[in-house]
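What follows is one structure encoded as structure tokens, with my remarks underneath.
Which chain is which? They are A, B, C and D, in the order written, and residues in each are numbered from 1.
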Amino acid sequence: MGISLGANQYGKAENRVVRVYRDTDRHELVDLNVSTSLRGDFAEAHVSGDQADVLPTDTQKNTAFAFAKRHGVSSPEDYAIALGRRFLEAAPKADSAQIRVEQYPWDRIPTGPNGHDHAFVRRGDGTRTTVVTVSDRGDAEHVSVISGLTDLTLLKSTGSEFKGYLKDEYTTLQEADDRIMATSLVARWRYANTDVDWNASYDSIRAALLAEFATTYSRALQETLYLMGTRVLETHDDVVEIRFSAPNKHHFLVDLEPFGLKNDGEVFIAADRPYGLIEATVARDDAPDAGDAWLAVPAFA
Amino acid sequence: MGISLGANQYGKAENRVVRVYRDTDRHELVDLNVSTSLRGDFAEAHVSGDQADVLPTDTQKNTAFAFAKRHGVSSPEDYAIALGRRFLEAAPKADSAQIRVEQYPWDRIPTGPNGHDHAFVRRGDGTRTTVVTVSDRGDAEHVSVISGLTDLTLLKSTGSEFKGYLKDEYTTLQEADDRIMATSLVARWRYANTDVDWNASYDSIRAALLAEFATTYSRALQETLYLMGTRVLETHDDVVEIRFSAPNKHHFLVDLEPFGLKNDGEVFIAADRPYGLIEATVARDDAPDAGDAWLAVPAFA
Amino acid sequence: MGISLGANQYGKAENRVVRVYRDTDRHELVDLNVSTSLRGDFAEAHVSGDQADVLPTDTQKNTAFAFAKRHGVSSPEDYAIALGRRFLEAAPKADSAQIRVEQYPWDRIPTGPNGHDHAFVRRGDGTRTTVVTVSDRGDAEHVSVISGLTDLTLLKSTGSEFKGYLKDEYTTLQEADDRIMATSLVARWRYANTDVDWNASYDSIRAALLAEFATTYSRALQETLYLMGTRVLETHDDVVEIRFSAPNKHHFLVDLEPFGLKNDGEVFIAADRPYGLIEATVARDDAPDAGDAWLAVPAFA
Amino acid sequence: MGISLGANQYGKAENRVVRVYRDTDRHELVDLNVSTSLRGDFAEAHVSGDQADVLPTDTQKNTAFAFAKRHGVSSPEDYAIALGRRFLEAAPKADSAQIRVEQYPWDRIPTGPNGHDHAFVRRGDGTRTTVVTVSDRGDAEHVSVISGLTDLTLLKSTGSEFKGYLKDEYTTLQEADDRIMATSLVARWRYANTDVDWNASYDSIRAALLAEFATTYSRALQETLYLMGTRVLETHDDVVEIRFSAPNKHHFLVDLEPFGLKNDGEVFIAADRPYGLIEATVARDDAPDAGDAWLAVPAFA
């Protein structure tokens, strides 16, 4: 009975590409972490060790850096699409190329009303991401774009409850009328097509997520995520689906009674582990089939 | 046009369960990181905020600790199966429960021929993992077990080449007749059933992976992974599929010529990023369908 | 010949204290990581195992949380001074108490002109720190305060050179007229006394560091740090000394010539390791003696 | 009133030097993380920006790699001493050079009684360290060696108590007759001279630390550290001082009573933060003065 090679992919992960635009004295800085991978008929490389069809990961790296100049990085999505197409051109045995990009945000150092021309301070309030998959070539080409953000840490100091849940013999949790709710959000949203102003769309979706988190009363993190997703879909026609992975970063009220103190929602211990992990999808009922769009994307479903 | 809740799951991640067996003076130590999650019809929790069907993640945590005593931890697989069944019992709206366990290895401190009775030193040569998914109940119950290991760092100082690969205009890599090959291996293998001596199987598969890595000449990391997978399947009838995720941890030969020194494969710089990332599956041709077994498992396919 | 106990200290590290001020609907959030330690005559605890003089680390933890309520956290410095005094009161054998605090910055979510009342997003542009050492009691009491920041990542895309350095037979570096200079800054400054508006002082020093980094041409990271330190001392009378630890986060210009492309300071690879590490002190000539102020502070000197 | 440059140092941190000895088919692997730094009269580099006296960190890196070949790495101590001397030779304005080395342990893959010739698996049970400081030149030269280990994670499942401690109004801790004691040990020991078989000494000291931890009843982590230090000094004449930094990695007994279960020291939760942090020195009464030996060494005193 046979044993065979199954699904496989290979590429170069975490190319730290920094692109400076310096055509004028006012520089622009684009700070990326780029990972590339190819899928296709690479059985020979595995089974016989023959590498003739393999575009080396070193070449993928070179291409990622060269394209930061040749094609530029007007947005991570635009750059990733160009890279994906290039790899399918360069590697005939590849069926698809997946490009994953993280973009780290920087601000201008505030030395005047518009910030400094070429000095920057890195901001840590979330990383912008995109995962672009280019499949096939020519008329059969399909490009899927799943953009998102990670490491966006949010907290509400009130406006959050958790009660009315199922109890069993292992239940000890007390119901909470008013608690801290905090998460380090991962969100990934799939676009219907590629005719998008990527930077404007990112800014708008990020703002919508923040605003919904802030302004809506929460009966559970599940409900809050659902509302955040709904708001994004309602206000962004080109987004067909959004997925969240949200740790419930517990802040436990500290018992100060032994010390004769009342703790009226004022002093908490922020716990590391364990944490709740809430994951949910919100999608349009008429969303086009995702195909392989989510393949190898860090997501729960 | 409608917007709806799609796939979702929730649970408690990274419960650090430590179980000591102390029935005799010779203690046994089991050191686990346990994550649980439930899937099913939890739409109300998201859409209306009603938590009546939700078994809280806090209760899942309590159950994980209680079961370390009530059921015990003869193996992570056995313990995870028991937990998964319990959650389906406790949460009527759940369709499936996925339990992910990491087990950290410890050695007895060598104070005698058999090591000390109750003093241990943590070993860092790889973490044992399992992902158990229990679906449905009663006669319809299905249990899938995907065990594996992570963080197993391997290196060959010779017996590895990389040449004959595809070239294009972005190629600068020189072919290598003799290089260092190193990786930090992630392997996950799926069992055909649950009638397995889990601990013996883990030890045997780990040994097979190490032995194949060590003793076979490598024309590429792809080939080596394929051979490692084949060996596991050939020697373990109850394993139907194995998946690898293997960073190619580059060790670059340092150019010492400017300093009048010859570097004949003796001095390398170990690079952090970027790294190659090679991922591959080896499977039996008659492997039973995986169903949802790989759902939410950190894997590339 | 004898063997004895030498210097020692003990305490509770990394208490994650979160303090919410909710006296009005507009909440304030203070997010701290608090470490405490005691020094003094604790020889018995080590030599005979007698713990009678030891105020347990668990009690130190309780006190840290209780004081977040009882004393409040108007600033990390003020809170740490109160804690240090308390420990000397509670532990008669302690000679000194050192309190180390990290404060993580949060912004209000921008849902209106002044931000949301109780919803926050964590900012990642640097962590505020303080190390307070309280020695002795009553009239002999001495309080030293060393405040600072860590993880402030800065980058200049021009205005930086490195040339004219010492060469030897191991030199291969090319002189650079124009390069990226980047660092993840650690700065710690010592105050002359405790009669300080801590929050205003922190904001002002942080702004001075940023402005000097941005606006001054750099002939080396050493020079830039010296100028940054000088500016802080010149503009802040109550600071007597400042120490920097600054990794030179290398951004290497990528050679695009093999691909027929000119790289005129536009495409860089951000390297992880190795990195330059530049550490320097700038001090007033009449700075009062530091005494034990820097003892156990993570600093290079 | 003047402002001046104070203490300063600079160098290249975290050079990942991998040295393979392949003179026979049975290879040896030495895996290092090397950091170098120079101190001396480098005021001009800071104050005027003139780099004429500065041996660049890039050259320090080149030298670290070249010396792995030219001098070899018979032990990290021996290699670091050679590097330190070289830097004082190459940089006339330097007064001292400090070389910090971490060595990661590897085992041969066990494919036969003596392990494989050139295939290795990384062991994670502690990292070997050394900090060598070379001061002055010629007859005035002084070499100090502080070796040690980090990340050695130890646990005793019994044989440990904590009671009889000082109580105050913030005390809630219950006395423990039998608890888990665990730590991730950092130990650093100073040698009297450099006439040492470094590898044998390291192995012997590590074994002594493990054996003492395992075999002695503990009334507190303080007592255990003191005993471990005493044993090292009593059995190693060339060690004059040893310092420990030991987090008390808390394992809390889980309350299983709400679930009708007895927890007789069997089920624990391993906590991340906060942790106790116990630091202590054990020294010979006639230890020679340390001078600058501990300067810039990560230690608490």
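Just so it is clear, contacts are C-beta pairs under 8 Å (C-beta built on N, C-alpha and C of every residue); 3 or more make two chains touch, one makes a residue touch a chain.
Predicted, not measured: the structure shown is a model, and the values here were computed from it.
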### Task
Tell me which chain's centre, taken as the mean of its C-alpha atoms, is farthest from subunit A.
D
### Query
In whole angstrom, how far does the Cα centroid of subunit A sit from the Cα centroid of subunit B?
23
#### Entry: Geometric centre distance via CA averages, subunit C-subunit B, whole Å
38
### Between subunit B and subunit D, centroid-to-centroid distance (C-alpha), Å
31
### Multi-chain contact residues (two or more partners), subunit D
15-16, 62, 66, 170, 172, 258-259, 272-273
### Query
With chains as vertices joined when they touch, what's the shape: line, ring, star, complete or other?
complete
### Query
Can you list the residues on subunit B that touch subunit D in the complex?
15-22, 27, 29, 31, 62, 65-66, 68-70, 106-107, 109-111, 116, 118-125, 151-159, 180, 210-211, 213-215, 251, 254, 256, 258-259, 261, 263-272
### Task
Flag every residue of subunit B that touches subunit C in the complex, lowest number first.
169-170, 172, 258-259, 272-273
### Query
How about subunit A: which of its residues touch subunit B in the complex?
1-16, 35, 37, 42, 45-59, 61-63, 66, 90-91, 162-168, 170-173, 218-220, 222-223, 225-226, 229-230, 233-234, 241, 243, 247-248, 273-286, 295-296, 298, 300-301
